[in-house]
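Structures are listed in the sections that come next.
After this come two complexes, each holding chain A, first together with chain B and then together with chain C.
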Partner chain A sequence: MSLISALARMEAAASGRAEPVATVRHRHLAERPLVLVPLTTAGETGAPLGAMVGTDRGAPQVFTVAQPRDRDLRFAFLGRLAEALLPHLESCQDEVETIERKETDPESGKRVTVEAELCADAPQLLVPTAPGVDFVRLLGRSMRFRRTAEEDPGTPYPAPPRVPLLGRWLTHYAERSRVPGSSLLLPLTGLLTRHWATGQSHLEDQHLGTLLAWIAPPDGESGAEAARRAELERDGTGQLVRPPAGPATDPAFDNRLLAPAVARYDAGVPGAAEELRELIASQLRPTWEAMWQGVDLLRALPEGAHVPDRWRRDRQSYTHHRDRLRAGEPPQPRRDDAVTAARKLAMREQRQAELEAQEALDDPLVMAVRRLAGEAFTAAVTDVEMAYSEGKRPTPRPLVTLRTEDTPLLAEGDKVHRQLPEGAQQRAELVAEPEPGVLVLRLLSGMGRGKEPAQGTVPEPGDLLCWTLFEHSPRGGPGLPEPEETPWTHGGPPGEQTAEDPDPLTPEDVL
Partner chain B sequence: MTPTLGGTEGQKATLPHQAERTPQQRLAELRGGPDVPQRPLDARALAALAANPGCRRRALLDGAGVDKGAVAQALGSPAPFGQSQFAFVRGNAFEARVKADGGAALLALLCAHTGEDCPDTSEVALPDLTADGPAGRAARTRLALDEAYGGWALLDHPILTLEVAGTTAYLEPDALALHPDGGVTVIEIKSFPILDGSADPAKVGAAARQAAVYALALAGPGATAAWAVREQALLVCPKDFSNHPAASLLPLRKQVATTKRQLARLTRVDEIAAELPPGASFSPGQDPGTLTAAVESVPAAYAPECLATCELAFHCRDRARDGGAVEALGRSVRGELGGLATVDQVLAAASPEGPGTDEPAAAALRRAAALRTEALGASRARAEALRASGTCDAEPGGAACR
Partner chain C sequence: MTAAVPPFARPADVPADGNGGFAPGEAAARATEAILADTLHGAYKGVVVDSPPGAGKSTLVVRAARELAAAGHPLMVIAQTNAQVDDLVDRLASADPELPVGRLHSSEPKPYDPALDRHPSVRKSAKPADLAGLDIVVSTAAKWAWVKPEEPWRHAIVDEAYQMRSDALLAVAGLFERALFVGDPGQLDPFSQVGAEQWAGFSHDPSASAVDTLLSHNPELPQHRLPVSWRLPASAAPLVSDAFYPYTPFRSGTGHGDRRLAFTARPDGSPVDRVLDEAAGSGWGLLELPAARTPRTDPEAVSAVAQVVRRMLDREGVAHSERAEEPVALSAGRIAVGTAHRDQAAAVRAALAYMDVEGVTVDTANRLQGREFDVTVVLHPLSGRPDATEFHLETGRLCVLTSRHRHACVVVCRAGVPELLDDHPATEPVRLGATLKAPDGWEAHQAVLAHLAAHAVPSR
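After this line comes the complex of A and B, so read on.
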């Protein structure tokens, strides 16, 4: 943790209210996000207990499973979930814009420009917590290999229609959520902790109720008190007043309320199914409200300047998945082959570096963290001396003298970068440091092609500039081989991609 | 080598007020008397051992076998731990299923991983381990291992003993398998899944720690030269979304070494106990004020990680927060703060008009605070300028000036 965010935490602990650690919103927030609050059954893998779903805070859809161990009920639930989620997930497929993309021509091997479609928007999915994202991944995994009766009439225990399709969408969203800076699927706790520091630890911040209590405590109460109540307050029957945001339920709820109700359902008591539905909904409702409260808080922040750029990549990812579905490709494999895995990792590393750079450029508070770490500095221009490169065509290489109070970790010859007022980038190198706090830089780029530098690209004495030691759009490492050229050290070429077999199902699978 | 625990003769001589009592008696007193049973080192205590080995309070209470849950309840900060009966039922049903038919499926999984020929169920001894009390069952377990030597045997819920903090702790692994070559494999049956060949690393780590304690107990005194515990345990979990078992071998060598070292640190519990006021005990039934004083007389090292593993964590957290300890905000916060231990000290050091200290962290803190104030001021000024000019552009970012 950086000293600045540690300090923010301590200020929050002292004042009893969360402190900002960002001045702009660093993630895309859709106009109509789809909120999904799932609950799971303790001890069972991928056995949902219920879910609250919707884009309208006043009208959530509630789905529940009366007996989580009954496979038929489980798949009926997933079928209804598919009917609720898929229309939204598929809603942005047809509105497209045409973009140009560079591609390697397979015959000539040359780089050619091709036209491609890009969906104008993409649906966003919000869940309460990071384990909620894992649960979405697990649900996707449990559904995407299933077969419907239509696909394979001979399959035992066929899945309801569209369930495998939902599995593929959820798998795609969960996989995309691993990319730093992506916004297709986000946990609300992650979004809030990115923008506020509370007076509790990072581990306790994973509790959505306490997090919101710190950020927006009720009137007349400090965040610390409200968080304590949100975490521990129980009613007369020993039930938590604010149930956990899931997907796991509180053991006291399971043992005192849920288990007897499930037993009544199993015994065929009339009205037991309705009772269970209401019971599970009672655990979902507070989290549902909390989700929208969090969305409101985030909406109040202005969007960071680079957020639309990153959202464009999310739209690209959405479009790619749409194309794969339309091309009739098989579901995502259980394990990636070596080249795909290496590509994904390289891409995530690059996005991480890009995210860190962009967040700093968008937000002075994030830049302050980098300045404290010696990775950036602001400096006032004290002198500019025009100079030219040696060579056939001299180009401008002005020397700029700066005075700074920051302590950048620079040595002679190191490159630094800054954003020009019009958005272009300029590179410079350190020539000398005549005395501590005084730096002489040689500008290297961003001044146009002419003999004289373009207007406004060379600073003037008195200007206050922010330079970074990191590149603004970091490049990735060297390219990776095509899958067909996977070296033997990595298992060799993966061969023809075939659809994987579904998970075998047997009558004894259900206890 | 075993962690033989308890005070040495030299230490006793220096503690006159305890001269006539053995460390075991002293620890029993801490529990509230010789009749109060000792809590065994369960999975949670083991996890706490790994998560926070430096906490003297936890070391003493665990070492003495105090029921920390009851103590926390009596202190008014009950631990919200509990197991859902759904998880409990599911775990038991899965274990019963794995062990059905004389453990045929279990041995098949084991042999598939070790490369041995799977024996016919008729060749596998299934000794009866029932006896009165844990001591009797532990003796039966030892006997069964000796008797079955030279052939296959599967021990269902045996009892092992381990000397912890000078007293005998009874441990109950899910199963032990004796191989014909005299090797003994610890078997752990868990209900978290192995999904597409991988399982939750945190849960696997906890299972490995648990298995390591069993392996230590098997290698302890009373171990005959004939059989030897194997360095790999067998972890059995449900496969994917089904109830069919899948297994994997867990290497234990590192965990055994770590646990052995941590248990050896517990030998000092009698030293910690010696620092307590005479007559202090952790009996939950006593007056809450006296109990609080007894608990507070042992220093704790609270960290937010404790919340998941230690029953007393909520009590310790309240104390840490009341005292403004920076650790309550997370271990990583502590790193750059040098000797500044409380929130008030840090904020005082960070303020520009704060007292000039020679604390090296103070300069960095002041710089951090100045940079933070500058950045927040800049963004506030920008927002106000936007509001004043009244330009609410149509971008989503414009929502801020509504």
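After this line comes the complex of A and C, so read on.
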């Protein structure tokens, strides 16, 4: 935990109200996000109990499973969920812009520029909590290998149409959510804790109700008190006034209300299905309202300057998935092969480094965290001395003397970076530290190609500059071999990727 | 609950009082011959060598490279950092000034140690084509990954293979047909800044170590082990071996009487001097500060570390060892301070500068890997902490910090760490198929603390 966030948490604990830890919104927030509140059944992994879905806070759709252990009912539920989610997930496929992209020509092996489509927008999916994201992943996993009657007329338990397709979309969204800074699928608790610090523990921050209570307590009540009520308050029958945001349900609800209702349904009591539906909806509704309250809070923050850049990558990811579906490729495999796993990890590490840099550049409060950690510093220019590189074509290498009150962890020869007023980057190296707090830097780049530095690229005495020890757009690593060239150290080539079979049926799968 | 003192089990052929009956030179030579035989004439595509701290890993790499080259097999050598590459090239060129060695480097300014310029046989270039035809070409894994081979090398040596990540090996393994993998399994594991749990337990988990991946795909490969640490003194080898290498024990190459550390100036009676004398006499010292929860850069602990170093220099230490006939003065260059975090290292550096101490190496465990000093001063990773996280418990971090010294190690720590450990049992989920580190950090920490308790000096 950084010093600033530790301070913010202590201040929040002292004042009873959440403290902001960001001045801008660091994630994309769609104009019309699709909110999904899923619930699962205790005791069986991946058995959905119900879901509330929609893009309009006033008109959610509710789907429930009367007997969660019944596979037929479960897949009927997933079929309805697919009909509700897919139109939204597929809604951005056709509105495209044309972009240019570098690609290796398979015949000549040269890098050539090709035109490609990029979807102009992508649908965003919001769930309440991080376990909700895991649940989306699990649903995707349980659906994408299933076969419909159309795909495989011989299958004894055909999946409803479009269920395998929803499985592939949810798998894609859940996998994308592992990329740092991505915004296709986000948990609201994660979004809120990125922007506010509460006076409760990180574990308690996983509770959407208490988190909102800290950030926006009701009038006349402190966040701490409201959070306590949100977590513990029960009605006369022992039920939580604000049920947990799921996907797990409250055991008191399971035991006293849900289990008897399911038993009535199993016994064939008339009206039991409707009763269950209302019961499950009652657990979903408070979270649904909380989701939109959170969205409103986040919308009030101005968007960070680099957020559109990162959202563009999400759009690219969405477009790639669309292309794979259109090309008739098989569902995502159960296990990544060695090269795919290494590529994903390398890409995520690069995105993580980029995200950390961009958040700091977009937000002085985040930059303050880096400054306190010795990874950045602000400094006033006290002197600029023109100098040139040696060699045939001398280029400008001005020496800039700075005075700072920060304590960057710098040694001679270390590189530092700053953003120029026009957005370009400039690199410099530390030449000397004649006395504590005084640094002499040699500017190394960003001054144009001419013999004299371009206008505005060399600072002047009196300027206040912010330098970082980290690069602003970290470079990617070298390429990895193609999967068919996987070396012997990693088990050799994985073989042709084919459509995997559905999961085999086990005795437990039939109720 | 308190930790039991770990039994320092020795193989039956070694008396507890030293190395009587055990000829370290012979044991090490036998291991080396077996490794070279497998490397030069073996039928396997890979050979793995586990090397405990200071067991002559670099010597082995240099010897294997020279023998392969002499047998007419040009080879590539892959190390992990530029410092390691420069060090290896320097050793190769010093061992055989005639040997044509290539140093493949990046195109950044000052890409290699200028000290290499004194070797006329070493050719340096950023382009692999410039180095074609040389017997040995050395570079980092990161640089090799950019090389597109016309034809793979017949042989390679991968140094520090346990610190190399599986995905880094994936990027370079196409460059060679067969390789010798050398490394220390007890040091810091490679890590990733982003979560890699989704691949945990896969045989090709990209965030695992290169050796883990190699062996899970090729379990038949011969695995060797260097049995003798030439760096660690007889006072340290049993502890480090038992705490960090319980299933692959090693011994010190020197006996109890072979090394001696003494101070010229008399002690002034302060706790700092007492812990120095304790460390000089027994090889270990623990300066125990009163229990407290502190920020990472605990000013009192940082100042205590700096005072220990200051007094060590003031009292003019003299080191007797098997390396030289005459005793050698303990200079600042032979002393290192190890910390867990960079900001702690920065704070210690500032404190030392304030006390006019120059030339002492101060760095984090990550950066001290592979280095050797006469005396080390360690700021304990758990000192003053309210919690024991996976990072601070990591076995490798403590192992690196407690195995850099030839003579003595002084640990500075707040009291109460055993209780802290008891309050924080490991809670990380166990993942199917993933190799578990044995011993885990919790157990290793308990073993080291139990041993240090006998050498503790309270600071007040």
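Simple rule for what comes next: the second predicted complex is superposed on the first by the 507 of 511 C-alpha atoms of A that agree within 3 Å, B and C clash if a C-alpha of one lies under 4 Å from a C-alpha of the other, contacts with A are read in each partner's own complex, and residues count from 1 in each chain.
The rule is simple: a residue touches a chain if its C-beta (ideal position, glycine included) is under 8 Å from a C-beta of that chain, and two chains touch if they have at least 3 such contacts.
Small disclaimer: the values here were computed from a predicted structure and weren't measured.
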(request) Answer with first, second, both or neither: which of chain B and chain C does A:413 touch in the superposed model? (result) second
(message) Is A:241 touching anything from chain B or chain C once the two structures are fitted on A? First, second, both or neither.
(response) neither
(request) Kindly classify A:269 by the partners it touches after superposition: chain B alone (first), chain C alone (second), both, or neither? (result) neither
(message) If we overlay the two complexes on their shared chain A, which of chain B and chain C does A:335 touch? Say first, second, both or neither.
(response) both
(request) Could you say whether A:149 touches chain B, chain C, both of them, or neither, answering first, second, both or neither? (result) neither
(message) By residue count, which of the two partners contacts chain A more extensively, chain B or chain C?
(response) B
(message) Just to be sure I read the superposition right, which of the two partners does A:464 touch: chain B = first, chain C = second, or both, or neither?
(response) neither
(request) Please work out whether A:424 is in contact with chain B alone, chain C alone, both, or neither, and reply first, second, both or neither. (result) neither
(message) For A:302 in the superposed arrangement: first (chain B), second (chain C), both or neither?
(response) first
(request) For A:386, decide between first (touching chain B), second (touching chain C), both and neither. (result) neither
(message) Counting contacts the way the document defines them, which residues of chain A are shared by the two interfaces, the one with chain B and the one with chain C?
(response) 335
(request) Mind listing the chain A positions that touch chain C in their complex? (result) 178, 180, 335-339, 341-342, 344-346, 348-349, 351-353, 373-374, 407, 409, 413, 477-481, 485-491
(request) In the complex, go through chain A and note every residue touching chain B. (result) 1, 3-4, 6-11, 13-14, 20, 23-25, 29, 31, 41-46, 68, 138, 141-142, 199-204, 224, 232, 249-252, 254-255, 258-259, 299-304, 334-335, 363-365, 367-368, 371-372, 503-506, 508-511
(message) Using the touch definition from the top, list the residues of chain C that touch chain A in their complex.
(response) 45-46, 110, 142, 145-146, 166-167, 169-171, 173-174, 192-196, 198-199, 202-207, 210, 213-214, 217-218, 342-343, 346
(request) Using the touch definition up top, name the residues of chain B that touch chain A in the complex. (result) 80-91, 93, 191-193, 195-197, 238, 240-244, 304-305, 307-308, 314, 321, 324, 326, 328-330, 332-333, 335-337, 343-344, 346-347, 350, 364-365, 367-369, 371-372, 374-376, 378-379, 383, 395-400
